[in-house]
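In what comes next, chain A is part of two complexes: it sits with chain B in the first one and with chain C in the second one.
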Partner chain A sequence: MARTITYQQAINEALAQEMERDPTVVLFGEDVSGGMGSPGEEDAWGGVLGVTKGLYPRFPDRVLDTPISESAYIGAAAGAAAAGLRPVAELMFVDFLGVCFDQIFNQAAKFRYMFGGNARTPIVIRTMWGAGIRAASQHSQALHPIFTHIPGLKVVAPSTPYDAKGLLIQAIRDDDPVIFLEHKVLYGTEGEVPEEQYTIPFGEANFVREGDDVTIVALGRMALVAQQAAAELDGEGISCEIIDPRTTSPLDLDSILESVASTGHLIVVDEANPRCGFAADIVAQVAQAAFGDLKAAPRMVTPPHSPVPFSPVLEDAYVPSPDQIAAAVREVSGAARARPA
Partner chain B sequence: MSGEILKLGMPKWGLSMTEGHLLAWLVDEGTEVAVGDEVADVETDKLNGSVESPVAGVLRRRVASPGDLIPVGGLLAVVADPDVADADIDAFVAEFQASFVPGESEEDAGPAPENVRVPAGTLRYLRQGEAGEPVVLLHGFGGDLNNWLFVAPALAADHVVYALELPGHGGSSKDVGAGDLESLVNAVQQFLDALELERVHLVGHSLGGLVAASLALRSPGRARSLTLVASAGLGEEINGEYLDRFISAGSRRELKPALELLFADSGQVTRQLVDDVLKYKRIDGVDAALRSIADQIFGGGQQHVLIGDRLAELEIPVLVVWGAEDRILPAEHARRVPESADVHVLDGSGHSPHMEASGDVNRLMQLTLESKEISS
Partner chain C sequence: MSAVETPASSELTRDELLDAYRVMRTIREFEERVHLEFATGEIPGFVHLYAGEEAIAAGVCLLLRDDDYVASTHRGHGHAIAKGCDVKGMMAEIYGKKTGLCHGKGGSMHIADLSRGMLGANGIVGGGPPLACGVGLNARVRQSDQVAVSFTGDGGSNQGTFLESLNLAAAWHLPVVFVIENNGYAESTSPNFHQAGVDLIKRGEGCGLPGISVDGFDFFAVREVASEAIARARAGGGATLIECKASRYFGHFEGDQQTYRAPGEVEELRRTRDCLLAFAGRVTSAGAIDPGELEAIDEQTRALIDEAVAEAKAAPEPDPSDVGTDVYVSY
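Moving on to the complex of A and B:
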């Protein structure tokens, strides 16, 4: 049907098509165009993993290399957004957003609210997240709960190439600051993506898989890991419904509640730390809104409350696995108790 | 006859189908089946349908059981003459199962849609069938070529079938120009010209029926026959609320109840179907295209072009099929055609009889496609 491209190509295509459509879309980032004093086009890296490759030659005036000073260029992008441009700022690893929290939390996220709704800040901050590539504690984190916690920010974490393109176009056209989280392990994954531009509204969850027995909520890479678990459980006669919220802010709680109302069981899988995290938030909201629908206590499947380890063995053990998810599903659905020891 | 053993396999309905759940058998072992007889009910991600036998003979062995998940091309049943020995059938089944690789069969590969550039823009279509008179299928408002997934393969046995996507729809250009009836008819005519299809059987559902009829009236020489399925253009009434809800729906929760109006059995509307329509509606330009077509042709929740009386001008076979439980266009519109037309109102079907009662619709269409032109 539609052609098949990778997650990385889908992001690149969304940027190229929106830059073509709207001359106010500009790209800021480190190594996006080759850097100061570089030979230009032939040295244009397109960012550390080449996601924006090919955009500098097409839009040389709108792909801007920045110094290694995140606080400076994220602040500049927020200002440019307030002044009428639609900047897309690429900030290599989500871990580095820590150095520009003031620009994000106190400036970009607050403009609309503090100016009585009269200010707009259409900035997109694209960044890589997640464990799985042996990049150690400072380049592997899952920090979406921190951004979700701040009113005024929209937080997006696509799990498929189709979602990546449609959500990024939506993010660029959105008038509020958007944190756009690209899972680095997913860049090479393939899927059907229309060639035309399209938008996926924020706050509309995707039913990845329909099922009757247990609802699994999972985001980003975890949506794929959950599918592996669900396939395994299918063979045991346990039918899982998987919901990918796609955006953590706004959150499509209604779809989760709709699913829990039919299954009565909830598992939330998340790659972020367990304390004050996204999984805890979903469990709390479902417990508060639909306690009567639950036939068993909900379960969270997350990493331990620890930094991401550098040791490959430990990193693999740290990230939630299909086996851990399957075990949690068996436990909440009662299958573990029903099975002979 | 012969000792031939024939396979009855899982059909491929639509481009993305890879497997189907067998829900129930409709015939017992030992039943004589004809080509086109419904033999089993199957459920896919997208919808439920009935498998029609592609072969004739005695259904000797039901290989699959209700509840089984069978890949496209996988074995459902075996058809053979009564004098074929059970042992031979056992051997046939064993050999098939040992050598069958899902995804490698011809049925699974399926045809791919193609594009053609015409003055109205790029038009996408799916061509099926090797030989025979050409048939052009036109979907309804907001539809696409997949709406014909139960119809096109059946007709393709004896015809070359083109499921065309109107401007603003499916994979065709989203620029619909004025969005009026004439621009849609022009696009279809340009399609026929581009593919050098001189005379075709025109088949249209709903809005596509109005387009097909208008084309036949404008260029009488180009239509061999006209089939109107729950067609627009035969009465003023239309469910304007459906149009508004379909156009404005931006989420699954808004769209699903609207799509349910298209079927007598709302269970036909699976999440996958809703997702597919949402994916289409999210594409840039679709919203504007749907709004201008609706404004031009169904503005104010009323049909503005009525062609029922004019159908008498046509000297070709005209088939009119409707679902008795149509909630978009009243079934009584089926009677507002000249007496020469062959009219069938099907019980238990809604606005989409070509999806809900495809077996009946296919049989009626095959008769129409084979019938000789009415001599004047």
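Moving on to the complex of A and C:
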């Protein structure tokens, strides 16, 4: 049996192993060392939540704190990659995309295309996403639909420690720009993770749970919330299949279609806002490709079209819950029963 | 003062002088011709011409190696030529042709050739300085002596990316030379307004970087300050900010009616502030170069640009089926 470590430890281990393996991997961001130039430099933070702790003493020439200047250092990641490094830049919270988006979507994402295929931009932007820690509207968002919309970017959102390590190693070795979304609520979750290095290919969904009646597509933290709902529904005799796409770009649509062909029902659970979102995209693609397989209208379970609120009562109401998912499943499967065969 | 009396020019060999003249003349000829051809409607999109500022591109880029990098601007043709990009490939790119440097996917605003260290013209004002910091980081991590040059206009020097990059380069001690090409107009807006009379060099000083302002029409002056800044960067001495005071002979973009400029302003500039005339005057009066040698370069350059335009016009269009290629290395 493999050893059990946390999601956070899995990320740290992937970074350490890849930096050990490849001297062109560099890690920088706000506080990734967390103490450069300070008296306690040797025992520095290692990121605001300690995810990169211990890497600076081990790789002092390749782990750098940055000024709080996201545009400059995310752009520097793009320039460094074009010149041959494999930078892993940490954008502390995905919400800070708002101050550096140009360097991601007008620069890094487009180099290869604009330069007629004559560029590689192997950057990884690691960033913390999601609601759940009462961090309010500017530190809690789910912005994967925005990244997924941009041609040239790959978008990864692991839901388990095993996936976190394998997908991060893949991201670092990948030759395209990758947005690597680490869900802050999952950092402490535990799972079996091999000590050796391994990669998980992008665009290969994980069948988290097999089932017969309803297909649930869920990403990141929502993959766990969907499992809670599925366990509850088991008791009612409703069998749910859960698919975690793991990457939203590229997307493993085939696995979703395969599941829908067997269940006839689709629920997409997503932590992002609903309009022009990831859930809407999955529903549209399934409707276009496999309308005949659907026995009822697909359903999206998402937060409302609102920013993430602060108050615990409001935030808990914002994030999709097992109860909301279960209600949606009952509704579509009930609708199916009401529909003439 | 004759060419041989200036410290920088006295270090230049005859070949270097001829090379500098050829590069400046090529840029001038290229831009004057694109101006004419654009007016025929045959060139798609929009172009921003560099004519008038040739001494800056040549003064800086001819000091660089192929493995040094330049992050350019929307007004990037001059930097690309001076950094060694293929002139015919550039012209074909501006015409949107398959044979262009970027196979028609980039156009004037995205001309790039990483094999020549040309990190791209850039359609986003202020887009380049952070990229140059990344190149500098690459040199630092690899412990190479490569240098990155970031070109920015006076307009771009107001972007947060520029100011952030000055500070990042200082904090990380990067081998970057920031060059502001202050051509007197941020599109149409004067620095008298948008920088309220601020001395741009102080922006570097505010981040702890040495800075110097220089006449951007004077190749020798630009070369001298760039030489010092590049040498400092190569030797591990960190970044420098250079302001080149210049002007452009054309509008912000082709088609710009330039109603914001004074009547006769451009004509006066062409008469009194022409880096090519100044260069030719200095090197010939000093006896370093024979006027006939410069005339020969003029002719060769005209022929090159004629060929570049003819070949670009005759070149095949991109294949429409390639619209979705080159997005990813793998997907």
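The rule is simple: the second predicted complex is superposed on the first by the 329 of 341 C-alpha atoms of A that agree within 3 Å, B and C clash if a C-alpha of one lies under 4 Å from a C-alpha of the other, contacts with A are read in each partner's own complex, and residues count from 1 in each chain.
Here is the rule we go by: a residue touches a chain if its C-beta (ideal position, glycine included) is under 8 Å from a C-beta of that chain, and two chains touch if they have at least 3 such contacts.
From a predicted model like this one, the values you see are computed outputs, not experimental measurements.
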item: Touched partner set for A:67, first chain B, second chain C, both or neither; value: second
item: First (chain B), second (chain C), both or neither touched by A:311; value: neither
item: First, second, both or neither for A:207, with chain B first and chain C second; value: first
item: Touching partner for A:198 - first (chain B), second (chain C), both, neither; value: first
item: First, second, both or neither for A:262, with chain B first and chain C second; value: neither
item: A:138 touches, of chain B and chain C: first, second, both or neither?; value: neither
item: If touched residues of chain A are counted for chain B and for chain C, the larger one; value: C
item: Which of chain B and chain C A:75 touches, first, second, both or neither; value: second
item: Of chain B, residues touching chain A in the complex; value: 15-16, 113, 174, 250-253, 271, 275, 279, 282-285
item: Complex contact set, residues of chain C against chain A; value: 69, 71, 100-106, 110, 112-115, 119-120, 122-124, 127, 129-139, 141-142, 146, 148, 160-161, 164-165, 167-168, 171-172, 325-331
item: Residues of chain A that touch chain B when the two form their complex; value: 1, 162, 166, 194, 196-201, 204, 206-207, 210, 254-255
item: Interface residues, chain A side, partner chain C - complex; value: 24, 26, 28, 61-62, 64, 66-67, 69, 71-85, 87, 102-103, 106-107, 111-120, 151-152, 154, 174-176, 203, 250
